[in-house]
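Common to both upcoming complexes is chain A, partnered first by chain B, then by chain C.
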Partner chain A sequence: MRREWSARIAVVLILAGLPLAVLGYQYGLLPLLSSERIVTVAASIPETGGFSPASIQVRAGEAVTLRFTSVDVTHGIAIGPGLGVDLGQVDPGKTREISLTFEQGGIYTFYCTVWCSPNHWRMRGILEVTDVDGTIPPFPPDPVIELLVAEGINIDAASTPVLLQSSASLLSLTNGATVAAELNLPADLHNAVWRRTHTPQQVMLLLTMLYPAVSQRDLADAVAYLWRPSEEPSERTAQLYEQNCAACHGQFGQGDGFAAALTTVQPSVFTDLVYMFTRRGDVLYAKIRRGGMGTDMPNFGTLFTPEETWALVDFLWSLSLQ
Partner chain B sequence: MTARINLLEKAPLLKTVLKSQGLQPALTILMLAGFVLAMLTGWFGTPVGSRNFGIVFVWIVWWGLLIIVLVPFLGRAWCMVCPIPALGEWLQRGSIIQRTSGRLRTRHRRWPRRFKNMWLQNIGFLILASFSTIILTRPNVSAWVLFGLMAAAVGLSLFFDNRVFCRYVCPVGGFIGLYAMMAPVELRVRDCRTCAQHRTKDCVTGNERGYGCPWMVFPGKLRRNTYCGLCMECLKTCPKDNITINLRPFGSDLFVMEEHRLDEAFKAFIMLSCALLYSAVLLGPWGWLKQWANIDTLAHWGVYVAALWGVNLLLVPGVFGVCVAVSRRISRLEVPLRQLFTDYAYACVPLGLAAWIAFSLSFVFVNGSYALPVISDPFGWGWNLFGTATQEWTPVLPGLVSFLQVGVLTIGLLFAVNTVYRITTHHITDRRRTFQAAMPLVLPLAGIALLFLWLYLG
Partner chain C sequence: MKPIHFAGLAATLIVLLIFLPAPNDFKSGSRTVEVNMTQFEFEPGRIEVNQGDEVVFLLTSSDVVHGFYLDGYDVQQRIEPGIPHEIRFVADQSGKFRYRCSVTCGPLHPFMVGELVVEANMPFWRAAGLLFTLPVLFLWYLHQQERGHLHGKEETSFTPKARV
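Moving on, here comes the complex of A and B:
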């Protein structure tokens, strides 16, 4: 009889005690004893659900550990904007984690940085940080985009090249520097902020009127010299481009990324000077942050800071003018 | 009858252990703990299969032990400790260890006569096989399947006496029973006449020392392992001490000609075909096939399932049937085609078992090391119970696997050929005609073995 009751108790412990003990510990006791909250996020390709959970709410001041694990293929995990969190690659079954404490409310995005599937770019999740008063500050409007809207600029409109018809002949930045030094260029042209709101083509037209005796080639070189990034792109910017842009636009901006064949519209070719001479910097900026209408270009405004976006715009110029 | 070695005589301690009332419940309770943990990890643990106890321990550790060790060497030994029907059986009896008196606590319904065979198990196995890729890789699906099996076993035990689920429904029990025929261990009676003359038949009705056979088998007429669950109740109840556990040659049960049945024959075809299909899907170079089996789209999966059922129930038995018909014709045998078809199907049993062992070797050796981190962190929650959670995946002797597969498949083929030969000699005594009759069956079996080798070795 004693053995029978021992067996019965063992069975009850297994059927009821084991689940209660394990789940009670994990979901009840552990959060109570732990000073920080642990959120496990399972990453799978978007076709099978993407991030789970895809939305996480934390409070400002609350210590939270985000533990990412991959369910299927290798993913990459980064969180933005402005946090500078890049956990690198997460192989199936492996975990990467980061502990964060937000001082104030805001909306952040955790996203995949490795091309994991044709719908890779959809693989994003939201991290909502509520302020101490329980509110979440709204995502601030972008003044650059607002100005473009106010100006009536359609950032998706195609531009027609007027002067520069072929990028076959490579421009010379050295010659451009000499020409720019010899000519008495208007002061605005040396102002990076002014240049962002104008296309190289507009400046070419201006210079053609101002210096009709100078050859088109010399003027184009001078414009290219003006538009060249003043400094080498940072490693961070190059990494952002490689993780988020290169799959479609190609590692060197030639529009030949391995995912280019999957897009509905051919990705822009940044090495095409004819195309780039018709682009305004702020339009490139807006396109990156808002995405491209009617194309497969996703928005990156919820991933990058404005500074990171401008750095990327400069990176695009460096690709075309290198 | 070939010579047998009575293990209970050779090892009296074994007899004492097997007759113990507490042995089976103790082992079953241990397995139940693992089973419950497998379900819990499936429902609440990481969805990453290789980091989830439910997937690793059920489909790598348990499966590997079952098909590579337990079934080939001990037959239905797993059924003795299987936790799936345990709850239902304990509820029927009203106890776990103690022998309770009176009838079993069920509604005493009669199991339909038309289902007193393996057909439900065949269909059940094919249904599971249709979803196998997601069952094997998705912990929560796996957990629901385990739960479903246990719920079905408990549900049936409320209405029907004894282990109706194990005997007629369990999709796993079906193939274990089939392949248990190959095992070198058997439970039999010492002398059939003793049982025939024994009036009370305690092994069937039960007595104060044990229950009547829960598998609804009369040990006195037991000639094959197929339906004996090795629960040892007859060993406990037999007042004549007439039950023995014998060591015998491998595959002895294949030649009990009078008990060959069409449902078992189809079980043999299904298992062989499924081993082939699983090898193609999971080990083959066809990514699209794996995606179809993984339900990438409903249409693809539909085609896959139609092909799976077609190959299992029509193509392989059909081709085999044609070979049997050719064999019958050229050897001018008078035996009915259906009987010959059923008899020769048992040649697929050793080849099928060898194929499953070869298939399982590939992932047990390669993926077995996943058990180490999982035992420390069964849910994938970041635990480290035994300090092995960070153990990296390490394939064990991967270079050896191919050699083992070739060896196992060769042995399986030789067994199959021997089975064809012995079944043929049962019908034909003339040596030349025996050869003529066997060849049309040996050739496709050799072809199938080569197909497996091609899949495994590339």
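Moving on, here comes the complex of A and C:
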């Protein structure tokens, strides 16, 4: 009888103790022994829940390891703004992890960088870092967008091309360089910050008044030359475009991305000069950061820094003015 | 039909079948196929090329990350949505080869397969024609032997005596 009881106890110990030991080690002992916090985030397409958990709270100064895994299709993981964290693609069953220690409080977003479903752009999660005093600093407002609002500019207004009516894809930048050098252009036009608040079309109208003798074609070339960014876009900017914009706007800005058919409004065509000549740089900037109203353009203000956004605006100009 | 005429006709047919180039294999060309991948199929799901062709696959994905793995040709390529990829190889082995998705793309991922058929340079109709013509010629030959013997024109060694 006694031997039978000890056998029963042994069976119960094995049946209950084994899972307890394994799970207890994984979720109890390991986090206790580890000096840093480990958060496992399971990624799935937004239709089945997106990131889980979608919100993570950490304290400033606390070392945290974020471990991302995918449960359905390939996702890509990046954390922004300003952290420069891009973990690349996570195939189902694989993990990618990063250890972070924040100096200060702030709000960050981890997001998917690979098209994973029609709702891919909704796949975002929040990383809240509480400051040492227990508060979370609010996300700073964008001065550029506030200036636009103060100026009364409607970011979503449709473009009204005045001068360029047909696609002027024959613009010659080399001709523009010689024309711009020959004309004694106002100093403002050489100022990149001034150019951001004006459309190429406005400048063409201005130049038409200043130099009535010069042909429209030459003036358009000169304006294109002025707006063309002097530096080649960086690899990081090209990567940001490819990960976040190309799905709808197309790899080369022709508005022919594979997801273009899914949007309610046809994605903007950056190679269309008639359209781009009516755009202000800061309006493009605001559109990227705030998103479009009524179109399916998502907001990227919580993902990119202002510098990254300006680099993307330059990237759009270099796509159109080639 | 005189036996000599038939034999000549059949022999000509065999020579034609063996040596005349078939319309689709006298020159190996280049085949470009656009293959689009979606959950959970390849479009097209069946591709036919001829042996010796240079095959160019333009691979695209229109939803999630897929992979293109071609059995037998050691082709393996990860395809991200929006970034077309081109692979080229010479289809030097004939047969039917499966291509399948090599990156887990969802619940039905294991069933995402297609097939590449590399036609051998001996076309089916040629092989079938040879297989059919040779026995018929042989049977006809036997028949002629038999008739020749019955009419007493020729002697053959294997004709049974009992039938006379």
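Please note the rule applied: the second predicted complex is superposed on the first by the 307 of 322 C-alpha atoms of A that agree within 3 Å, B and C clash if a C-alpha of one lies under 4 Å from a C-alpha of the other, contacts with A are read in each partner's own complex, and residues count from 1 in each chain.
Everything below uses one rule, namely that a contact is a pair of C-beta atoms (placed from the backbone, for glycine too) under 8 Å apart; a residue touches a chain by one contact, two chains touch by 3 or more.
If you're wondering where the values come from, they're calculated on a predicted model, not measured in any experiment.
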| item | value |
| --- | --- |
| Chain B versus chain C as contact partner of A:42, first or second or both or neither | first |
| Which of chain B and chain C A:92 touches, first, second, both or neither | both |
| Contacts of A:236 with chain B and chain C, given as first, second, both or neither | neither |
| Greater residue coverage of chain A in the superposed arrangement, chain B or chain C | B |
| Touched partner set for A:7, first chain B, second chain C, both or neither | first |
| First, second, both or neither for A:246, with chain B first and chain C second | second |
| First, second, both or neither for A:190, with chain B first and chain C second | neither |
| First (chain B), second (chain C), both or neither touched by A:23 | first |
| Those residues of chain A which chain B touches in one complex and chain C touches in the other | 92-93 |
| Contact footprint of chain B on chain A as seen in their complex | 1, 3-4, 7-8, 10-11, 14-15, 18-19, 22-23, 26, 38, 40, 42, 44, 67, 69-71, 92-93, 95 |
| Complex contacts: residues of chain C adjacent to chain A | 39, 60-65, 80-83, 103-107 |
| Residues on chain A engaged by chain C in the complex (per definition of touch) | 72-74, 89, 91-93, 114-117, 242, 246-247, 251, 257-259 |
| Residues of chain B that touch chain A when the two form their complex | 21-22, 25-26, 29, 32-33, 36-37, 40, 44, 46-48, 50-51, 87, 90, 95-98, 379-382 |
